[in-house]
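In the two assemblies presented below, chain A is common to both, partnered first by chain B and then by chain C.
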Partner chain A sequence: MSARLANISLGRTSLGRIPHVGSLGIILALLILGQLVNPSFLSPMNLWAVLSVSALLAVASAGQTLVIISGNQGIDLSVGSVMTLTALIVSGMAGSSDAAVPMALAVVLGLGTLIGLANGIGARFLGLYPLVVTLGGSFVVEGLGLVYARSRPPQMPGPMIENIGIGRFLGIPWLVLIGAVVTVAMTLLLRKSRYGRQLYLVGSNIRAASAAGIPVTRVLLTTWAASGFLAAFAGVLLYGYVASANLSVGAPYTMMSIAAAVIGGTALSGGAGSFVGTVLGAVIFSLITNLLIMLGLGPALRYAISGLVLILVLFATSRDAR
Partner chain B sequence: MKLTALLAGAGMFVCAVSAATAQDLPFLKNADHGKGPFKIGFSNGFIGNAWRAQHVDGVEKTAAELKAAGVLSDVIVVNSTSGASGQISQINALLAQGIDALVINPVSAEPLMPIVQRAIDSGVLVVVADNPLPMDNVLNVSLDHSQYWGISTEWLVDAIGGKGDIVAIEGLAGNTANDWRVRARDEVLARHPDVRLLASVTGGWDQAQAREAMSGLLAAHGDKIDGVLIQEVMNEGVIRAYRAAGVSRPPLTGDYVLSYLKLWKNDPDLRTVAVANPPGVGSDAVRIAAEILSGSKLDTDKLVPNPLNPSFNNTILIPEPYVVEREANTSRPWCSEQVQCISLDEAIALLDGRSDADSLDKTLTQDEVRTLYFR
Partner chain C sequence: MTLVLDGITRVFGPVRALDDVSLTVGPGECRALYGGNGSGKSTLAKIASGTLAPDTGRVLVDDRPLGRADPARARSLGVGMTFQELSLIPLLTAGENVVLTDMPGRAGLLRDTARADQMAQAALAPVGLAGRRDLPVSILQTGEKYLIELAKALQSRPRWLIIDELTATMHASEVDVFAGLLADHLAQGGGALFVSHRLPELRRFCDTISVLRNGKLVFDGALAGVGDDELVKWAGGGHRDAPALMAPARDGEVRVKAKAIRPLPHAQPLDLDFRAGEITGIGGLPDQGQKQVLRLLAGLRAPSPGESVSLDGETLPLGSAAAMAAKGISFVSGDRDEMVFAPRSIRENMLAPFAAMRGLKMPSDAEITAALERLSTRHAGISRPIGGLSGGNQQKILVARCLLLNPRLILAEDCTKGIDVAARNDVHHLLRELAHVQGTTVIVTSSDDQELAELCDRVLVLDGGRMIAELARAEGRLDAQAIVSAYMKQERAA
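What follows is the complex of A and B.
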């Protein structure tokens, strides 16, 4: 464990010691393959499209990364349903005007944090597996979404949300810019803050961390609350990306967020991982989808191939994480 | 030995019933439940989107009406949120409550067939709404998905002048309605050899997936794409992919949900069409079940072959009620009394006062059901 941490922080020069060399190699290979398949693969249009999807997935996986690093079987299966709920609420509250967007944001980010906190309390104090707590939690959140959608049906977004989804600033899509800001913030949080250092220790050995005087409960509850908050934020971005909300709009992101984190080298056993890794995992995920669409393969073959490629990618990126 | 006895018994039972109803149809063997009022169970296999919410609302409204009229004593509506297994256990619970008829929208065919067979064996009349089942002893009440994508494809072929390259975004491969629609599309395209299908990808009836897929198709084929054929729900995602890429939009097929109709209204350059696939089919199926239980005779001329197994003649196809174009074009070959060609403004007026997520709908009245499908 400590050797691996040293590896990441020191960044030795030999090839094997370059951080994320596996992910970067796969991305390079996918880019070359894509360009061979179709000369417009590397066009700015396609790359921005891929990066926009990647940014959305990366933000959706941010909380998941924290929870998985926190170890102790940490996994958050409520990411997708929280994203759905926030998309529905922002859509319902803000409607087609911008005036109510700040209020809607405050409500959904607060609600997301509370849901995360509730998950954390279930996992920490009730002695339940996070898998079970968050699965149950996700049903509750789904039910809330259903009730809300019935009482206040979704509408089309106003200019601000619209802009998040398709607008650009200085030629760069807003989604990509937001993704970049989240990446910097998450990396600072994990690498430079006291919380970040404590999180890795709690994740690798909770007893040792506790014995060393680390406020384990506070670290874990903060992590879960952050996961809910970040999933809620990702739900807002998703709403911008698709411009309409329905009861299953966030559902695919639960599994994709776990996949992106794990492809990015976050150890399911906890205590190791980085957000840059997750971002690269999200990029790999989006590149594979994009490449297979460009190849024009039938759906059955696409599913099978993307599954196989993911297993290969995991083999290359996260085998040492066991 | 035992089986033979059982079969003989069943045969005698069928004979007895058919003598009583004079309709020798395998799916009507459980039609006779006395004088009523009757108890119906409605099992909906999925409740994740606005279409399904409207589907169930329609059933509940019709249930209230038929209860008030004294035709039905109770309608128990259950929605599965956990796929086939959830639906199976809910149907078990419905059977335990002693229903006369089961109206079911199955989440998928194969896993639900054994429990549906059990319902039939226990004497319950089974009417399958929306997604059909390949069984001869149920009555399927389905929407005409051949019309849904057949008309959409015809429109697109015409919109691009009968020749060019198109791409398609399907719903979910393997899903009954999706595969049925794909067959209809391919039949139309076979008649137009100058229209080339560059790629057909799945968007899972999910806007995010559809936008991602369209972005990929745009990168791969760029402005070679002369038209886009899309199933419902995903259309706004596709339009967003075009806007984000800054590529000018070719004709594309649209959605029949109010938010899309409004978007269309506000975008004079959008060339699109909407074929309505009404959620009201659930209500229609409940009315048909109630009518059968009440002793009315089905008009067998209205039955068509089962879309999944053409050797069974046990399906009522509900036509797609509206085809929407910006200006109503009633000279289109698909327009008829049952498939009305209406304008965008008329479509929006039909949804006046409804929420943006509501679909263009059509539900038959009990009288219409009686005239259209019964003698």
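What follows is the complex of A and C.
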């Protein structure tokens, strides 16, 4: 949170005490700006749409958040390719019927966990930088996806997956409901569980964590495995949302997941951050994209502008105090 | 020809670190700069060396003003400084570090390696480390690093030398090297500002003293006219003076049996016993295997073949800190980089060992506060990040953490490093109480022989991984002189 934003005081209460005040302020500003640009911006339909996209991005960023909190240069560049591979495999195995969905889910979630674990082993035992391990790993996973797609061309999802991607329950999109459940679960995991406590300590000083008797290796491998699992899960949601699978469907999510976590206040140096922050980061990112679409910008310009806006947002929310 | 600090004030956020402080150092004068943790000593030292600019006030070096924060200008005016946190680059060699600031070059681009090596040799010879000039600093011992820091400061032949806690982790033999160089410096008409917590060293090196308390100058005058009691009171404020000895060690049963351990890789295997309710110190020249004994017991060093340790008759799983902690073994080090979770709260730092283990009841906030209270730790709430506190207060929190755990065995590695006299007394008092009242086994190492002599019931002196002396208080053989003569005798024989 920026020192400047945190220092604004309103009467006797200091704004700085409200958690995530910076992100919430930016969201409010974007909502007002959106409404000025286009009167249908605040319509229920558009808001649900933005929330759905945000929920998908938040789930895709959940593992990334854990890995970045775990510190020690932790960053997972394989999120996007795991999501792509997952979409391709579910599409190939289940096709347009629901019968094979449970089997397909079991396979992709298991595979995602194994890929995460392999990343973790590379980072922990081979002494390689996570950046390098996961970049290399992402090429391997992408290659596997290509091989798989050649043997089984992707199809449209069946009713069950499609319903999760674009359907609603009691008027609320399934994606938003799932996002809410993941948010509660992640927050409990980080704040209340023994693993969560250990994760912050390992992330802030791995030597001190060892000296205090924390099983550092177990914490790190759990984190990496969870990152693979969550990326695979996000891949299933993505397949339902876009209702097709291709070789680059997940690619943007690698960078977007890092952006959401960092906008949300997760320190790239490790040991600090929260999942609620990441969710707000995902909302900010989705609102910016939505706003640019409303302005009628094409994908190319949109990409460039959202990058610039991202740097601006980071300047306001997570600049290092020097 | 004087170094003058005139009306220096410096504010960090809400904290007034220095408030209108003035002092002067003349030729041939070594002035002590003394005060408790967080009293502003280091800040003042940094301002005097041009590392930091004052908010108001000025620094005059031989009548020429220092102006903005500009270390290069301070150097050219003849001010050299050794930093408590070291200014060495770990991956460069000792030689490169020493000549770094005036690296000789050819045509402004290429390094003149031959001349650089000559310069490095000349600069390192006085501290006796010329032979180490091609080794990277990262692999050298702590005391050696501080001697290199000194050589680096002296390299520009400064008239005014500012020494911040240089001797805190030095061994007696290394302090002697420093003493010789300081005497030469003063004899040649130089002056020095000497920052230290150690009263015997202040008395040994300094004639005059300036005392800081909460950023204010509270005394300025001759050191000879001030008693130790007064100095301790200034540092801590109304603390008990020299820590009283408690009940003498009970003849507890042997709790820790270390069999065939090798403090150094090629040393003879050694058997050591440690009793319940006893404080054992492990002393000797630097790096004779003291740390390796402690780290083996803490599970932080992989055991070599044949080494085994039992605690209350149960064989311990060596090589795993997590498993050792679960057996009731608690480790605290003065190396805060290895102990502190800087961005996390004081509470989380205190609870870290509890987060590590299953089946332990988490202490309540009231218990945490009570433990901190026992060491009179100053903090602004246990939810605040520990990184915002002074080094001494961080260190006290780490020691207080041991209180919560109620361990069977406490391992303390130089755990009073860089903390003031009053805080050190608090820590000693606490360790005694744990050992003598609760029956905890305590094993400590320290680079300060005086500390070992004051604190311990028994001191083992190691040399090259061998035990060359065992000095017990009960036999009346334990004092600093006995420890020093044990290893010095050994050194002369060698």
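What we mean here is this: the second predicted complex is superposed on the first by the 297 of 322 C-alpha atoms of A that agree within 3 Å, B and C clash if a C-alpha of one lies under 4 Å from a C-alpha of the other, contacts with A are read in each partner's own complex, and residues count from 1 in each chain.
Please note the rule applied: contacts are C-beta pairs under 8 Å (C-beta built on N, C-alpha and C of every residue); 3 or more make two chains touch, one makes a residue touch a chain.
No experiment lies behind these values; they were computed from the predicted model shown.
Student: Chain A superposed: clash or fit between chain B and chain C?
Tutor: Taken together on chain A, chain C would fit alongside chain B, as the superposition shows.
Student: Quick check on the superposed pair: does A:S210 touch chain B, chain C, both, or neither? Answer first, second, both or neither.
Tutor: Once the two structures are laid over each other on A, A:S210 reaches chain C alone.
Student: I want to verify one number. Taking the Cα centroids, what angle sits at chain A between chain B and chain C, in steps of 10 degrees?
Tutor: Taking chain A as the apex, chain B and chain C sit 130 degrees apart.
Student: Mind working out whether A:Q198 is in touch with chain B, chain C, both or neither, as first, second, both or neither?
Tutor: second
Student: Just to be sure I read the superposition right, which of the two partners does A:A99 touch: chain B = first, chain C = second, or both, or neither?
Tutor: In the superposition, A:A99 contacts neither chain B nor chain C.
Student: A:G271 in the overlay: touching chain B, chain C, both, or neither? Say first, second, both or neither.
Tutor: A:G271 contacts chain C only, not chain B.
Student: Between chain B (first) and chain C (second), which, if any, makes contact with A:L33: first, second, both or neither?
Tutor: Neither chain B nor chain C is touched by A:L33.
Student: Report for A:V184: first if it touches chain B alone, second if chain C alone, otherwise both or neither.
Tutor: Neither chain B nor chain C is touched by A:V184.
Student: One more residue to check, A:V249. First (chain B), second (chain C), both or neither?
Tutor: first
Student: Looking at the superposed set of three chains, what is the minimum CA distance between chain B and chain C in Å?
Tutor: Superposed model gives a least chain B-chain C C-alpha distance of 34 Å.
Student: Using the superposition described at the top, list the residues of chain A that contact chain B and also contact chain C.
Tutor: Of chain A, no residue contacts chain B in one complex and chain C in the other.
Student: Would you mind writing out the residues of chain A in touch with chain C in their complex?
Tutor: Within the complex, chain A touches chain C at residues 194, 197-198, 200-201, 204-205, 207-215, 267, 269, 271-272.
Student: Can you name the residues of chain A that touch chain B in the complex?
Tutor: Of all residues in chain A, those touching chain B are 38, 40-41, 43, 45-46, 48-50, 52-53, 56, 139, 142, 146, 149-150, 153-156, 165-166, 173, 238, 241-244, 246-249, 251-252, 286, 289-290, 293-294, 296, 298-300, 302.
Student: Note which residues of chain B are touching chain A in the complex, please.
Tutor: 47-50, 53, 81, 170, 173, 198-202, 204, 206-209, 211-213, 215-220, 222, 233, 236-237, 240-241, 243-247, 259, 262-263, 355-358
Student: Which residues of chain C touch chain A once you look at their complex with the stated criterion?
Tutor: Within the complex, chain C touches chain A at residues 298-300, 321-326, 331, 333, 337-344, 348, 351-353, 355-358.
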